[in-house]
Every structure is written in structure tokens, then in C-alpha cells.
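Letters A, B and C mark the chains in the order given here, with residues in each chain numbered from 1 onward.
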Amino acid sequence: MADSRINLAAATRQGEAIEVRISIRHAMETGYRTDDGGKPVARNVIRNFACRYNGVPVFAVRMSSGIAANPYLRFFVTARESGTLDFEWVDDAGARGMAQAAVKVV
Amino acid sequence: MNSLHNVFIRSLLFAAAALLLFCEAHAQPRALPLGVLRSGIEFAGADVRGMQADDLANPGFLWVERGEKLWREEASGASGKSCASCHGDATASMRGVAARYPAFDAGSGTVFDLEARINDCRVRRQKQEPLLRESDDLLGLTAYVALQSKGMSMAARIDGPAGAAFDRGRVLYGTRHGQMNISCAQCHEQNWGKRLYAETLSQGHGNAFPAYKLEWQTMGSLQRRIRACIFGVRAEMPAAGAQELTDLELYLAWRAQGLPVEAPGVRR
Amino acid sequence: MTRPLSRRPISRRRLLQGAGAWVLVSPMFAGISAAATQEMPAIPALVSFLAGRSPRWERLRLELPSLADNGQAVPMRLTLSGPFASGSAPQSIHLFSEVNPVPEMAVFEFPVTPPKVEIDSRIRLAGSQHVVAVAVMSDGALFAAVSEVIVTIAACLDGS
């Protein structure tokens, strides 16, 4: 499965806003559903999502079952210098997801 | 002079018969005339329309990417071939394919939907296990192939050997089912556009499948959507891949003739 | 003999169809939180979070549809309008649900001040309810916004 898909502008002028969009594959299992046999399906949602820009934390989300399955986020960061946006998330089961996107600042 | 006249008359009659046969195959009476057809997206709210229109916000593309990766992967089976080994670049080789599915498969003598076609290739050509219906892998491959027809008009064929399946599908569509004793036609032909609780009944087309349905919180096939309706009227549930489901899929594809393929779609 | 189209009265069915469609569509545009004075929904988790503080009902916008297509995924936009005075930078935005089993839905955090605070996501709502957003600034100032969403159940049980 594609763990995630990221979208951001090919290049941004320094000081301007970069629109960052990410779509993450995760069931965000609430823990309130039951399977076909009637057994409850254990809760497993992404708890922490963090975005770092060249290592500097710039945006984070603490999530719960209140965020829809296959989370979608759109947010803005200031274009400083070219480099990398690192995304990382951890769920209740301790599974980590990671993604990266190149940032070009002109 | 007489024989020439006879030949002329006979040719005319022959041509007329051929034309009639051809027309009959395509001139099945339509409860919903082509000009009246509206995709399910037109009955969806702004939320769903926005999600489908935006490739990044559309969760279906997560499955498309999975399919794209699987397309290129070596097969685990004896053949060692990937889809790409035979079919090359899907954006070229698969263009227009989903738009004419379901389609009759001469090898098996049955009508295949896209999922069955993919599995047939896996088993017979790649020499590997078929994928389970509604598995992420099969949904991914189906979504990836269907994407290559996005925007193209649905054009499934119902003539020749596909005719029997089409006829069965049409009968099924008009037959009352389940505890609620309702037929597909009663909702989707006689009452589309009207409210059922808080929802507006669509015409029940399958042009957006496989689709990410918000209710499912995941991607699903058209067969799954049909099974959901069958559950809704409290009818006996056919097994995944059952012939009656493929018959219905073919009938639906004909019903939706001309509508654009919207896969990967988003529905509520 | 059929009357010409222009002289046919609009059938009641057509009128109801059109009205139904409009009723379905028009609430989409009305889901923006009201500014000025607001009553804070009595969500216990929110009350304890506020700890007696009173947020101002300005600058923060919480956009949700008035009528959700499906409670499993409801598109949301949070906007905190600037400019941000020095010493009062946005730190976090907390999202509270009136009805969900987990009332604290999410916290959006800003380790650095963003160029603009505009966040899109999709939330889950367990039923019709109010959703409250509270923005916390570095100087302790609080801004709040509330939105009411109607969530209907699907017309048919799915079971697939």
C-alpha cells in the first residue's frame, strides 16, 4: 500500500507560504466496531503526526479516533531554504510511518 | 432480368435482416434513456464531490498507487512475470479497457468483470494465486487499471455471447428481492431523484467503481456495492464473485452507457 | 393532444425534486461558525480544558458542512486570522466534540509560527452535534469557534 501521498509546490519563493498536503493510508480503527464474528476490533489510531523542515519541527497533530480514516492534512509552512520536509506518524500499536518531500526555495 | 431482380430483392432482404439483428442487439428498451443518465456524483453532496475531484484528497489514489506498484512487481508464481512484462506501460496498454468491462471471456466462456480478468491473468499467465475480492491488492490493481479509462465513456458490449448474461442481469434488476420485496428498478429507475430518509436516490450506476465509500472507510468494488444494496433489502447474500453479481454488473454497465468512468470514485 | 412545453404547469413531483435538491445543497454554504457572542457547548472535557478561562469568539473560524454526507469523514477547515502581534503567536488549536465517545478530537500544534494558520482535515462525527475549536496563543489568549453539524444515518443498512 502506498503509505502516503504528498503534494506541495515544485518551487516557492523564500519567505512565502508553502501549501503542504498529505494523505495517509491508515484505518484509524476506532475500537467501537465489531468484526463479522461480533468481536470488537481493537482501537488503533495514529496518535502523533509530526512534520519537520530540515530537522526543525514545524507542525504536529495529536490525533484521536475523531480524525477520519485515511487522514488528510493540509497546512502551511514558511519557505526558508531548500531541503526536505520529513513526515512521521505513530499509531496505538507503535507502528511508525514516514514520508519525505523535497522543498525547493528560490 | 428476372434473376437479377431476385438477387437484388434477396440482397435487400438480407441487408435488412442483418440491420435488424444488429439494431436489436443494441436497441434494448431503456428505462432510463441515454439523455437522462446522471452519474452518482451528481447526487452527492459537496463534501463527496470535492473529495472525488481532488487527486490528493481522494483516498482512492492510495490504492491506485498500490496497484501501480503491483503492476511492476515480479510475480511470486512460477512464471516470474509481472503485469508489466506482458502489458508494458499500463497508461498505454490499459487505456479504454475498464470502459468496456464487464466483457465476455472466450477462454472461460463466461463474462468477466475487471477483478475476474485480473485474477484470470494471475492464475493462467502468471501462475500464481488469485487475489481475494476486496483485498487491498486486488482493489489496487483494479483501481489502477480503471484509472486508465477515467473520463472515457462506458461502452460495455452486450451482443453475442455476452447476451445471455445481460438478459439474466436485466431480469434480476427488475425482480423484487428480500424481506423488503423491492427490486433495483423500483428505487433506481422509478424513484431516482427522490428522498429516502435523508439521502437522495441516485440512478444506481457503477461508473465510479472501484470507489472509496465514506461509509466503508475504505475502497470497495462494484460487487461490494451491489451486495450492500442486497443487504439493504434483506435478501439472501450471494457469494463474492457469484455469477448473478457479474450479470448485474454487465447490465449496470450497459445501463450506464455513455457515462464517464470516474474511478477511483468517492461516494458517501 | 399535448400542450406546448411552455404552457405545461410544473408538476408537483418536479417541484419537490428541485426543492429536495436545493434543501440538500443549500446547507453546504451555511456551515461557518458564527462570530460575536456564542454560548459555549457544555462539553465536560472542554470545560476542564478551559479551567475557567473565557475565549473570545473571534479570529478563529471553524468550517464544517451544516449537513454532512457521512459522519465517517466530514471535511473541516480551521482558519486563524492574523496578523499575529509579537508575543502572541499561535501555539495550538484544540478540537472538541459534543457527542463523540472521545471528546478531545485533535490538537494541532505550531512549534514555529506558520505563515498562515489554515488547516484542512477530515473528522469523524458520531452523530449530529456541535464541534468546538479553541486556539491557544503564546500570551495565553484564547479564541474559540463553534459549528453545528447534522449527521444523518445512511438510508439503507450496508452490511457489506
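Here, a contact is a pair of C-beta atoms (placed from the backbone, for glycine too) under 8 Å apart; a residue touches a chain by one contact, two chains touch by 3 or more.
Quantities reported herein were computed from a predicted structural model and do not represent experimental measurements.
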The chain whose C-alpha centroid lies farthest from that of subunit A is chain B
Report which of A-C and A-B is connected by more C-beta pairs in contact. A-C
Geometric centre distance via CA averages, subunit C-subunit B, whole Å: 36
Suppose each chain is reduced to the average of its Cα coordinates; what separation in Å results between subunit A and subunit C? 21
Compute the distance, rounded to whole Å, between the mean C-alpha positions of subunit A and subunit B. 34
Can you list the subunit B residues in contact with two or more other chains? 217
Would you give the residues of subunit A that are in contact with at least 2 other chains, written as numbers and ranges? 21, 28, 68-69, 72
Can you list the subunit C residues in contact with two or more other chains? 72-74
Interfacial residue positions of subunit A with respect to subunit B in the complex: 1-2, 4-5, 7, 21, 23, 25, 27-28, 68-70, 72
Residues of subunit B touching subunit C in their complex? 44-48, 50-51, 193-201, 214-217, 220, 224-225, 227-229, 231-233, 268
Taking the touch rule as given, give the residues of subunit A at its contact with subunit C in the complex, in rising order. 16-17, 21, 28, 30, 32, 56-69, 71-78
Subunit A-facing residues of subunit B, complex: 56-57, 59, 61-63, 65-66, 69, 136, 140, 212, 217-218
Quick check on the complex: what are the subunit C residues that touch subunit A? 72-74, 95, 97, 100-102, 104-112, 114-124
